[in-house]
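The two complexes that follow have chain A in common; it is paired with chain B in the first and with chain C in the second.
Moving on, here comes the complex of A and B:
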């Protein structure tokens, strides 16, 4: 179902929604815009395409206490942190980040295995997306199977028509939001305008990569000197992976004493030397060569095998934020020549 | 600054053709506006890809540790040469293994300041004399160079290489009178304000360790923060974990940091890192008259033990 909301009404709507939901949206933090919890609609920055941090923290917090324990007179007391208390609303997620969330769904919540912490937050969250009228030069969603107006993964999808947003409900959660009296009927002309915006945005974006060929090339490159060249400038930090909306590796740590403590889950990254360090002291990925290779292989080869999806959604955060300008688009382009 | 590019390529080509070095560490054109990428020329023809300009912001000295036992040439600004000297003073780098192509530096441009000063995405930027010409989809404007420099560059007292085997061009004149202007801004706050400022800055940290990885002086085989048994600080992005990391990192660099700002440039969360190290450097300068990376035979004061210095530690 499609409706429309005037921009002048949007903050009133959000102020009303804040009574029922914890609200997460793009907002200013120091000198940049990032995805974080907000307490007033005025905090939202509407024109930011790629937030510094993706919204993955909403579903997989960087540091999450899984449970805590205390030793009391009646023995050991365990408190689980499995369930969140309030419903959540993510407002203004971009299609690339939603594609990333769909990859994480396959990791954390399948018919066989379910991570209750992730699944609970996912069930408790309504996701409102917004299309990208003016993609950035670092955006490449279309190269990796996405698009600036892809709607899968969203409960409600907004298109910025200038004075108003066209809103399309895609799930029951979305219908619930659309039932608000702040939305009113949209016209055929609005839908036509939305299609024109999509067409204009697509003109700024690159063509689809030949994923099958890239995967075949990668399979032949395990022992190639190509990786020595790629890793030469890599400094081995965690920027590209920690700020990637798809990357979701974690490490579980017990912290505390015999009297009290907690089990904590932290994000981890394959780019750290300690990531694969085994208790024996052996490290199967001992140098930068194996670690940069792992990042590319996982995103453009292994995910395709295990999930039938790429592990890259083309948001361009790693491109923008790499301290040494290692550009994943360039690396992928060079893969063919290196084979 | 672009005039250095030709001289740099010629020198790199000569060194590689002669076989006197195995690699020339420099910069190549970046893939984005306002970026240059660290580049490793290994064959004489690679030298053609070397460039120099106002976006060569990384401290390349951090790569030298990866060429131990090999002869490497490095393109180095003033701060990079100070890191090289500091590494040599700490016996991490033999003088005869590195050939320094020194570049007098006019200060590097802070791409984040530029991005905030313009009305849209920057699609092209080039230096024109004392100005930066910036273009986007619907705008074109000029910004004075002096207004868009990195803070560490604005305050820099060593824009010229302190050590080099060849110097490309004439030394530049100093523009800074106060190397610690950004330290004083924080020093002038009340203790409560300082604590609040530090906590707020540290709270944005995501523990990506880009600051550590970008730093030439963070060469420990195992960083204290990667040690798991025992674990020295909390593992998560909690106040204790983040502040513990920030304090530990800064303290380990006391008298070893050259104020190059590489840590802050690498930080994706734009955390004010240079004031922390700057404060420690300022203290060492005031207490011991010590400046990091200017003399080959001078160790950082905190790395020296003198049996007769007494309980005042020589202050």
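Moving on, here comes the complex of A and C:
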């Protein structure tokens, strides 16, 4: 179902939603825009296309207590932190980040050994997406199978029509939002305008990559000196992976003593040398060459094997934020050209 | 607000079961390897826990964290679960300092064990080196159990350590040596007084024992250098990559394919392994 909401009404709607939901949206924090919990609609930054941090933190917090433990007279007591108390709403997620969330769903929400921390948050969250009228120069969603108006993964999808948003409900959760009196009927002309916006946005974006050829080349490049060249400029800071919306690696550590404390998981990255370092001193990925290879191969080869899709959604954060200007598009182009 | 769909609530795979250290036993004369015998604190955990040789568990030492260890006992053995731990880092050092009666946490069984059904009706050559003999102990003990013995053909064990004092499970090895239905070849790197068994590195002993590849599987675990030099010997004997299995170790955290740490190509060692055939590993980065 499609409806429309005037921009002048948006903050009133969001103020009403804040009563029912914990609301997460792009908002300023320490000089940049990121997805975080907001207390008032005024905090939302509307013109940010790619937030510094992706919204993955809503479902997989950068730091999360899994459980606390106490050793008392009755033995061991564990108190899990898996329950989600309030319904959540993510407002203004971009299609690339939703594609990433769909990849993470397959990793975490499994029939065997389901990650209840992730799955509970996912089940309790309504995701409102928004199309990208003016993609950035670093955006390449269309190259990796996505699109600036791709709707998968959203409960409600918004298109910015200038004075109003066209809103399309894609799930029951979305229908529930659309039932709010702030939405009113949309017209055929609105839908036509939305299609024109999509067409205009697509004109700024690259063509689809030849994924199969890239995968085949990667399989041939395992022992190639190609990776020495890539790693020569990489300083191993890990920003490309930590701020990647698809990357989901984490570390688990205990904080506390033998008697009481908590088990915590923290985002981690395959770009750090300690990531695979074993207690014996053996490291199966001893240098930058294996680590940059892992990042590229996981995204453009292994995910195709395990999920049938890429582990890159073309958000361009790694391109924007790499301190030595490594550009994953260029590396992938070189892989495609390599023989 | 009510949820429309209510599926059966999945259990939390990150919560460890409480375990009590029943007994500890120093395995090697350098005091670096200790076997911990663990019993379940809760009856329901004990009855639910079913495993096959080759599977592993995450052991929690509270305050230090978790680390993965192969199960050294066989499901055919009654009594506590056995884990043999090398003292190497922060967690294993703390574990070595713990004694009988103390509490640990345990998650598992995790991963896939040895492909017993594939091995059925075939000869099995078990090749181990150093302290990488824990799940091989489980496997051998399982196959030699009187309820299972008839399901397998000839069973050979080739096991080497630097010195006699560094061999694990000495009593078990002695018992296997007594059996007419098992061929046990124990070797050490260099001759010492009182040692009347084989002398030489595992790859050379494999070549000397020369197990036939016909209708056979080889299972090999050991230090990378031993594996590197043993694989060509097996190949020379006619073993194909799909006839050679190994159990891999990697640094792990979650043990259930989420934390991303232990992948080799598209496989996670925790969830898709730790047991792999060399046919599966062919063409993947050698990140192990």
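FYI, the second predicted complex is superposed on the first by the 330 of 339 C-alpha atoms of A that agree within 3 Å, B and C clash if a C-alpha of one lies under 4 Å from a C-alpha of the other, contacts with A are read in each partner's own complex, and residues count from 1 in each chain.
Everything that follows uses one rule, which is that a contact is a pair of C-beta atoms (placed from the backbone, for glycine too) under 8 Å apart; a residue touches a chain by one contact, two chains touch by 3 or more.
In this text the structure is predicted, and so the values were computed from the model without any measurement.
Once the two complexes are laid over each other on the shared chain, residue contacts for A:137 go to chain B alone; chain C is not touched. Look at A:82: by the touch rule set out above, it reaches chain C but stays clear of chain B.
Once the two complexes are laid over each other on the shared chain, residue contacts for A:280 go to chain C alone; chain B is not touched. Once the two structures are superposed, chain B and chain C can be ranked by residues of chain A touched, with C on top. Of the two partner chains, chain B and chain C are each touched by A:253.
In the superposition on chain A, the residues of chain A contacting both chain B and chain C are 251, 253.
Remark: chain B residues 30-32, 35-40, 58, 62-63, 112, 116, 121, 123, 137, 204, 206-210, 212-214, 226, 228, 231, 234-238, 241, 265-266, 268-270 touch chain A in the complex.
Residues of chain A that touch chain B in their complex: 29-32, 52-53, 62-63, 134, 136-138, 232-233, 235-239, 242-243, 251, 253, 255, 264, 266, 269, 272-274, 319-321, 323-327, 329-330.
Touching chain A in their complex are the following residues of chain C: 1, 3-4, 10-16, 18, 41, 60-67, 86, 88-92, 103, 105, 224, 249-251, 253-254, 256-261, 263, 265-266, 271, 283-285, 287-288. Within the complex formed with chain C, the residues of chain A that make contact are 20, 66-67, 69, 71, 75-76, 78, 80, 82, 87, 107-108, 110, 113-117, 119, 123, 172, 219, 222, 247-254, 256-259, 261, 263, 265, 268, 270, 275-280, 282, 284-285, 290, 293-294, 297-298, 301-302, 305-306.
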